[in-house]
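Pasting the structures here.
Both of the next two complexes hold subunit A, though its partner changes from subunit B to subunit C.
Moving on to the complex of A and B:
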């Protein structure tokens, strides 16, 4: 098992009131699993993804990653956890528009102790995989939506993470590009990387091994219809 | 660390014109602050140095303010000599203080027989150039003269400091009257005693002219005068009368000699129980009445007149301090706003960095790095400008260490606000927004 969440809660406190985003989430995710998390807007899908990826801490509960507890209070360790284990993909690609495709993909490698030569080799290899080798010195705004998402996938995979967290990865794409991206993510999962997709698209969820639904701030397992 | 530096560079390049404006502002504020601190130090360092109490009396060095344009302007004044003479007479007869004419200025002795310790700059260790320098005689022949330590004294000095001669006799009134072709009388310090005798005639070169001198006597060992805040031991010095001139200069040479003499006579010491600023006020009044502009200044007085600006120094100090503090606060606020807006605008960029392995600490370092870069460039640029200003207006840089004060001051507020802002932001929100 790669991940186990035990009674995870997330609150957002203001002076006057408390907003509960997640309320006692229990979840187990296996290695190489392709998992879909569904739910309405604002139900807590992204929050769950951010907790899984160590971007934010849970207010309460235990997060075990490969059997070891993730310490949300230690920001340095949390950054290290993200750096070594997680790749993120988001709906609007989150590419830095002033950086070239090369620089965007190279970003996760910059915090690692790798030579420029090695980084160059890895970026080129990854661009080859996503079929964008001819776009290396372009800027994101010179690429189509589908191409930008392929760049985002390349960036998420460049440091060989064990966990890919995709938040509405096909939300901004047409059917053709949606299919391409989904195919890529399935291939990633087939190669042993765990992929968790937050989506409200049932068609995407059908392509996954497992399907979860968030309602009443809790995660429920659902049968695919 | 390299990844942080790369991102600092990237972040700064994004709004290069804004960064440039903030740096320019930083340079202006640093140079102004640095200059005003130096101006303050220079004034109050002088106060410490010259305000020396000796038997309940303060001794203040006075000097002219004829520098640069002021000097050229005064030189052109046809009445300059009379003005200086009148100033001298008023100072010598003022009832509120004793005016002591004393001025250290080396003289040249032909065929010098004394110790090397009497040579000019012996204590500083570079007296080699003082020995056997070739000077043309009136006949055009080159002769060896040595430069020796000498103090020019007015007629009241011997009595005022109760100086006693071990041999010979002190100066009399007649010795202080300038005669162009007549030998002058000098008194030598104790260390000359083995090498010269009373009545010896020696050839001097003083104020660009040759003069015969007769040794009138020797000071007792350990004779001292109060000079520029210190006791000056006369054992290795030659005392020369600061002559009074009772005639109007007729030739160019006379004009030069009289001018030099009165510059020396008027750069004397005021012995008084008054404060430096009170003495300065009196001198202002005297100079104003005689029309000497800029006025003579009192070292250590904070109300002295600047030769460059023609204003009271304390007023200049107040103005520069007020302006520099104002600019410093303004710069600090602008830097804070600049960083605040930048962090706000960069939130999505920071969120992207965060999801790609950067830590919150990395982001803080990026902001701190940007602050340090701006302050660093401002400090270096501002210091260079301030040092040039100090050299031009104060003659020297009093303290370079103070440069860090404005740098620290302007960096604290932006640092606190920026880090606080960064830590309070929920950057994940920005991952879902474009």
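Moving on to the complex of A and C:
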């Protein structure tokens, strides 16, 4: 098992009231699983994804990653956790506009102790995989949406994370590009990387091994019809 | 096929170029202001430039005619020069008496006899213009006795030291000055004069002339300084606004850094800004150096300007970063 969440709660306190985003989430995710998390807007999909990725801490509960507890209080350790274990794909691609495609993909490798030569080799290999080898020195604004998302996938995979978290990865893409991206994510899961996709699109959920639904701030397992 | 186009980079780094332009404008502005104020200050206080910082200024109270013939008999002024220093008299110095080894004026100077000869005489700087061995001061003609050697102090090269040739009738309506190479000799002369004047029923009061120079300068140029302060405030705010916009443009980068576990994100942003700032500072200084024509103060002005610019930019950056909420 890669991930185990035990009674995870997340709330946001203001002076007057408390907003509960997640209320007692128990969840187990295996290695190499392709998992979809569904739910209405504002139900807590992204919050759960952010907790899984160590972007935010849970207010209560335990997060076990490969059997070890993730310490939400230590920001440095959380950054290290993200650096070593997680790759992120988001709806708006989150590419750095003033960097070339090469630089964008290389970014997660810069925190590793790798030579420039090795990094160059890895980026070129990844660009081959996503079919963008001819766009290496382009800037993000010079690519289509589908191509930008492929760059984001390449960047998420470049440092070989065990967990890929995708927040509405096909939300801003047409059907053709949506299919390409899904195919790529399935391929990634097949190679042993766990992929968790937050989506409100049932068609995407159907492509996954498992499908969870968040309602009333709790996670419920759903059977696909 | 991919075609290289230099405008691509310009387009994606626009915020960087904008902030660089603001830094360059700040640099050029501050350099020119420092240079202008420095020139104004020198011009206002040019007379002091011929005398060095060791010079002591004093007034004699009550203000009445003073008989200084006593200076001829006793060694009160030894290895020093006693002058009358009048504000606004430019580079014209009336020498009351000078005696002993006194090389501040670099060369031959007046003798003891000149001060009682009742002849108007002058010793002029290397660059001073005069006619037919005579120079005119306040409508009076003075015989040019000597020309000083070229001096590294520019003011000295245009200075005129003159004597009325009489010691018995000096009206101390202006400030006296004692100049010498040696502080010890200045002090000794001062004490000697003090006791002599006290014997004549007069009092010697030391004037911190250099201290009043700054307040005088502010008084003379109040309006200009207000305008400069206003412009400086606008420029400072412009810097803060440009850094805020630049930080906003870095939002996506900051987010990606955070997603992929980068540490010290604010520090990274700060260093990125400092890199742009250093390049802009160099460009700004080079541009300013082209404009400056006052070669004697370039190094001093550059150091002052650079210090102010670094302070302004780093202070702006720290203020913005301290209120900036990272991911």
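Here, the second predicted complex is superposed on the first by the 225 of 225 C-alpha atoms of A that agree within 3 Å, B and C clash if a C-alpha of one lies under 4 Å from a C-alpha of the other, contacts with A are read in each partner's own complex, and residues count from 1 in each chain.
The definition used in the following text is that contacts are C-beta pairs under 8 Å (C-beta built on N, C-alpha and C of every residue); 3 or more make two chains touch, one makes a residue touch a chain.
This one's a predicted model, so the numbers in the text were calculated from it and none came from an experiment.
Undergrad: Will subunit C clash with subunit B on subunit A after the two structures are superposed, or do they fit?
TA: Aligned through their shared chain, the two binders clash on subunit A.
Undergrad: Regarding the shared-chain residue A:217, is it in contact with subunit B (first), subunit C (second), both, or neither?
TA: neither
Undergrad: When the two structures are overlaid on chain A, which partner does A:45 contact: first (subunit B), second (subunit C), both, or neither?
TA: In the superposition, A:45 contacts neither subunit B nor subunit C.
Undergrad: Counting only touches as set out at the top, which of subunit B and subunit C does A:150 meet: first, second, both, neither?
TA: The answer is neither, since A:150 touches no partner chain.
Undergrad: Answer with first, second, both or neither: which of subunit B and subunit C does A:83 touch in the superposed model?
TA: both
Undergrad: Does subunit B (first) or subunit C (second) touch A:98, or do both, or does neither?
TA: both
Undergrad: Kindly classify A:10 by the partners it touches after superposition: subunit B alone (first), subunit C alone (second), both, or neither?
TA: neither
Undergrad: Examine A:167 and indicate which partner it touches, taking first as subunit B and second as subunit C; both and neither are also allowed.
TA: first
Undergrad: Examine A:138 and indicate which partner it touches, taking first as subunit B and second as subunit C; both and neither are also allowed.
TA: second
Undergrad: Show me the subunit A residues, by the header's touch rule, that subunit B contacts in one structure and subunit C contacts in the other.
TA: 53, 55, 76, 78-80, 82-83, 88, 94-96, 98-99, 107-108, 111, 159
Undergrad: Provide the residue numbers of subunit A that touch subunit B in the complex, in ascending order.
TA: Interface residues on the subunit A side: 46, 50, 53, 55-56, 75-76, 78-80, 82-83, 88, 90-92, 94-96, 98-99, 107-108, 110-112, 155, 159, 167.
Undergrad: Where on subunit C is subunit A touching in the complex?
TA: Against subunit A, the touching part of subunit C is residues 2, 8, 11-13, 16, 252-253, 255-263.
Undergrad: Using the touch rule from the top, collect the residues of subunit B that touch subunit A in their complex.
TA: 2-3, 6, 10, 14, 348-349, 351-362, 426-428, 431-434
Undergrad: Which stretch or stretches of subunit A touch subunit C in the complex?
TA: 53, 55, 76, 78-84, 86, 88, 94-99, 104, 107-108, 111, 134-135, 137-139, 141-142, 159
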